[in-house]
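Two complexes come next, and they have one chain in common, subunit A, joined by subunit B in the first and subunit C in the second.
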Partner chain A sequence: MESYLVAMLVFAGLYALMALGLNVIWGLAGMVNLGLVGFFAVGAYASALLTTKQFWPMPLGWAAGAAVAAAAGAVMAVIVARLRGDYLAIVTLGFAEVIRLVASNEIWLTNGTDGISGIPGPWRGAVTPQQFNLIFLGIVWAAVALAFLLCARVSHSPFGRVLRAVREDQDVAAVAGKPVLWFKVRAFCLGAAVVGFAGALYAHYNAYIAPDGFAPLLTIYIVLALTAGGVGAMRGAIIGALVVVLLLEGTRFLAQAIPGVTPVQKAALRESIIALSLILLLRFRPQGLIPERTRTKARP
Partner chain B sequence: MTAPLLEVRGLVRRFGGVVALDGLDLAVRRGTVTALIGPNGAGKSTAFQCISGVIRPDEGRVTFDGQDITGARPDRVTRAGLVRSFQIARGIPRLTVLENLLLYGQDQPGEAVGRAILGGAAVRRREEALRAKAAEVAARLNLTRVLDNLASDLSGGQKKLMEIGRALMASPRLLLLDEPVAGVNPTLAAEIARHIAHLRDEGMTVLVVEHHMDFVASLCDPVIVMAEGKLLAQGAFEDVANDARVQEAYMGRRAHA
Partner chain C sequence: MTETRIGRRAALWGAAGLTTFAIGGKAFGQGAPVVFGALPPLTGAGGPYGPAMLRAIQQVVEEANAAGGIRGRQIRVVAEDDQTNPDAGVRGARKLIDVDRVSALMGTWASSVTTAVAPLCWENRIPLFTVSGADSITLLPHQGFIFRTQPNSRLQIATGADFLIRQGARRIFHLAAQSPFAQSSQDTLVEKMRGVQGGAVTGYIVYERDKTAFRSEVDQIMRSRSDTVFLNGYLPDVTILLRELFRAGFDGRRFTPAYAVNQSTFQTLPNDVTNGVITWQPSPDVDSGAFRRLQTRFGNVEVDPYSAQTNDHATLAILAAAAAGDAGGVAIRDNVRRISAGDGERVDNVTDGLRALAAGRAINFEGASGPVDFDERGDIRGTKFRYERANNGRFELMELR
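For the complex of A and B:
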């Protein structure tokens, strides 16, 4: 039970990292990005390949995961420069699927659907599995803290102000003298880097990655986390990730506790509870748990 | 006589089969409040869009202060010193009035990612300077009390004032105002006219698109009349108002029975 809780907290941390990344791209700059899991996969594969095949040290591999994902984000931003809303959602969703299909088929590089195993983890083998989980828990949440500080500073800086303006009305942002595309590219890079870093951590935590692990459902979870937490607020991204993991996992126990239903009904009940909670949350608190607030005040 | 601040030559813009601009020529002299008027569909808004870079013209040339800005991106046009306002006050709704004003400030090093994260004295100094300027602009336009309000919470008239204020934040040499008093009560319209007259007296050049003829008559000289995508007439308000071609464009041809 204890190691289960620790594992769930590690995943909550990874979700929080992804939600922070998405919050820069979608929350601040207003670009719908349903290709999140694609950047997560790019980061995971980059770090896994560099550390297993090129024997790079792990921290370098993680940095490379973030850097490669950022580069993919920059390319993506230029491709979708003129797209908005639904069309942006379709293209980014397609991007994630392309990444998954490439990972399945370019066997020479990714070992196809068999995946990559034996990815090293910090002090794995030297300590007990429980200790390893705890070490990783520390690493992941330290990364969340760092990413949070970084994203919060960006959000409340003049750069963040321009991103919010691009989100609301890009013609106005352009007339305000801001090169809109350049701002979009940088927002995409920054967000994708955080998501790619989360992917790299995931690969080294799990020790094994395969294309199956990067299905679109994960993107949906993160979008839910951010919507529940509050789009645009960095604290909201972290709270939202915790809420989503609590909902996903907590409902397992809740459904088990209901007497007189078959296991199949229990599974269905669990999903109903998740759906109902999110619908209620969005009905009664559409701005999310933590609404966006400005720190730029004329009168303090 | 010095060269005009803004010179437009042979501007053409088509939307499919519709010719919105059909070889427009106009010039704006320094230190004037020039009006651009004409019946609906004359191409005034399209001319504004093309001059400010929001859409690209198909043909023609736009010269601002000797610099060719034809088809330049809107952010470049703004940085060249030509700033436009929007017709429907397009405030950034979820930013406060202060943030809307600061957004139009130029040369903020904190708009680079690294500087945004690390901060530093240069970012802070520039932010202080922009805040001081925003306070000045807000005081001039009676917006001081609402600086911390979200732009979406402003009244229609306040949105119009903020629209002008934002443009002023970019220190323009030519201000393009798109219907600054449309839908505004007469008292506020007169106030906005006074603000614009003050700006002119301080040496700014303004080009205004407006349908309120009282406003145009009291404030603008010269007046440029457009019809069917072309220049129709220009001169003092009295002269163009008495011009038979202008009356015809607005009212239609008189039927002689």
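For the complex of A and C:
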């Protein structure tokens, strides 16, 4: 039981990291990014390949995962420079699919749909699986704390204010003399780096990655987490990730507790509960559990 | 405004509390029964197969419970949906292993899910019974904890190629959907054709399985003057391919795995298009007592090979635990070969098996999917293959060996 809870907290931590990354891009800069899982995959593959094939030490692999994802983010930001709203969403969604297809077809590099197994984890094998879980819990939540401090700082800095200005009206920001594209590129870089770092951690926690694991479903979960927590608020991203994992896992037990429900119905029920909660949330509390509060808004 | 917020928070805490209660209840609820975990794909790409796979497992367990269980201990199956997704599969497996404390996991379908879940199984020292076909799975350092009832893709392709050669095929064009089997299929096929006088693989194309048009691929097949085309894909893409091959006037053999052509193909395509398509599949041992029992329990409907395999997963785990007198994961791992191979009394169902074991006799379980003998890597030995030809909207058996 304990190791299950610990494992789920690790997942929650990874989701929180991704939600924080998304929050910089979407929450602050207002760019809808449905290609999240693409950056996650890039980070995971970069770190997995460097540590298993080049035998880099793990921390370097993680840093490389973040760096490669950041670079991908920068390229992405330039490509989508002129897109907003739905168009941006579709292109970023396409980006994630491209990454997944490249991962499943470039067999020489990624081992194709077989995936990469045997990715090392910190002290894996030297300690019991339970201890490994605990070690990883510490690492992931330390990363969450760090990312949170970083993102919160960014959010309240002049840089963050410009991003919000871009989000509200990029023409006005441009007229005020702000180089909009340059700000967008940096926001994308930062967000993608955090997501890529989460991907790298995920690869080393799971010990196995394959293109199937980077399906758009994961992006939906993170968007749900951020919507639940409150777009724009960094605390909201973390709370939202916890809520999503609670929802994903709690529904297992809730559905199991209902008598007379077959496992097949239970599986369908779980998916409906998750979908329904997203719809209800958007309908009744679009600002999320912890709405964004900026200093200007706090003092009316 | 403030009030709503408090309401929401209270609701959240309530939900959290309820979940904790549910979790706690489960933890204290476990006592005597032996718990097995099923992790079939109930939703996602494997969704059409998972429910029947699970039903097969549950029915075996019910039968075993009626026969007195494992040395008097009742058996319980807890199922989680792997959503045909490795990430969801890992979370489901964690729950089964850490919360339900299962002593065996069975019924994983997608190769990626099996590969992702496997390390959890060997780290926690419980066996994993799977129907996934990717060669790489049993090559993992699994310490004997993986048992696979599906012949690996190498064996499947080699057997299929032998059949084609017997049928007189010499120039084979290989068209494969991107999958873990594509490359290993090609390697095996080339190796096989090299061993035949005049044999050659005339072309090899890997395509993306979501494609909806195959003009250039079909042109290349036509240009290659092949006598046989091997359509190594899935249902949607093979359906389109068959139509386009027909339009292009291809008159050679069309050979495809059985999961890529089925009744729905006959409903989609006219008989002129499908006539003569040859399918092959690792066959459940349809003449075996175990298979007939399974078919009766399913209500005399078509039984797919995966359900036949999960039927055997559950039976193997139960009999191994009964033979060991211990329902722990390691005991099951160590006793699977003891009850599935050797000179013991042949049994084809869990009731007879439990009875024989209780009487102290050695047994050799022969399952619905085949003789279920495992080699040292956990791969299955000696499965039968079934070859069928489509004719006017029906399959005709060509060969079973």
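Throughout what follows, the second predicted complex is superposed on the first by the 294 of 300 C-alpha atoms of A that agree within 3 Å, B and C clash if a C-alpha of one lies under 4 Å from a C-alpha of the other, contacts with A are read in each partner's own complex, and residues count from 1 in each chain.
Note that a contact is a pair of C-beta atoms (placed from the backbone, for glycine too) under 8 Å apart; a residue touches a chain by one contact, two chains touch by 3 or more.
Worth saying up front: this structure is predicted, and the values here are computed from it rather than measured.
Superposition model on subunit A: subunit B and subunit C are shown accommodated side by side without a clash.
In the superposed model, A:Arg153 lies in contact with subunit B only, and not with subunit C. With both complexes superposed, C is the one of subunit B and subunit C in contact with more subunit A residues.
Geometry note, superposition on chain A: angle between subunit B and subunit C about the Cα centre of subunit A is 140 degrees, to the nearest 10.
Within the superposed three-chain model, A:Pro263 lies in touch with subunit C and out of touch with subunit B [touch as defined at top].
The gap separating subunit B from subunit C at its narrowest, counted between C-alpha atoms of the superposed chains, is 17 angstrom.
Residue overlap on subunit A between the subunit B contacts of one complex and the subunit C contacts of the other is empty. For subunit C in complex with subunit A, the touching residues are 8-9, 12, 15-16, 18-19, 22-23, 25-27, 38, 42-43, 50-51, 54, 79-81, 83-88, 90-92, 94-95, 97-99, 110-113, 115-116, 119-120, 123-124, 134, 136, 140-141, 178-180, 182-183, 206, 208. The part of subunit B that touches subunit A in the complex is made up of residues 52-54, 73-75, 78-79, 83-84, 86, 90, 92-96, 98-99, 102-104, 106, 108, 110-113, 115-117, 119, 123, 127, 131, 134-135, 138, 144, 147-148, 166, 170. On subunit A, the positions that touch subunit C within their shared complex are 1-4, 7-8, 11, 101, 104-105, 107, 112-115, 117-118, 129, 206-208, 210-213, 215, 217-218, 243, 246, 248-250, 252-254, 256-257, 263-264, 266-268, 270-271, 285, 289.
Listing the residues of subunit A that touch subunit B in their complex gives 150, 153-154, 157-162, 164-165, 168-169, 171-180, 183, 186, 190, 292, 294, 296-299.
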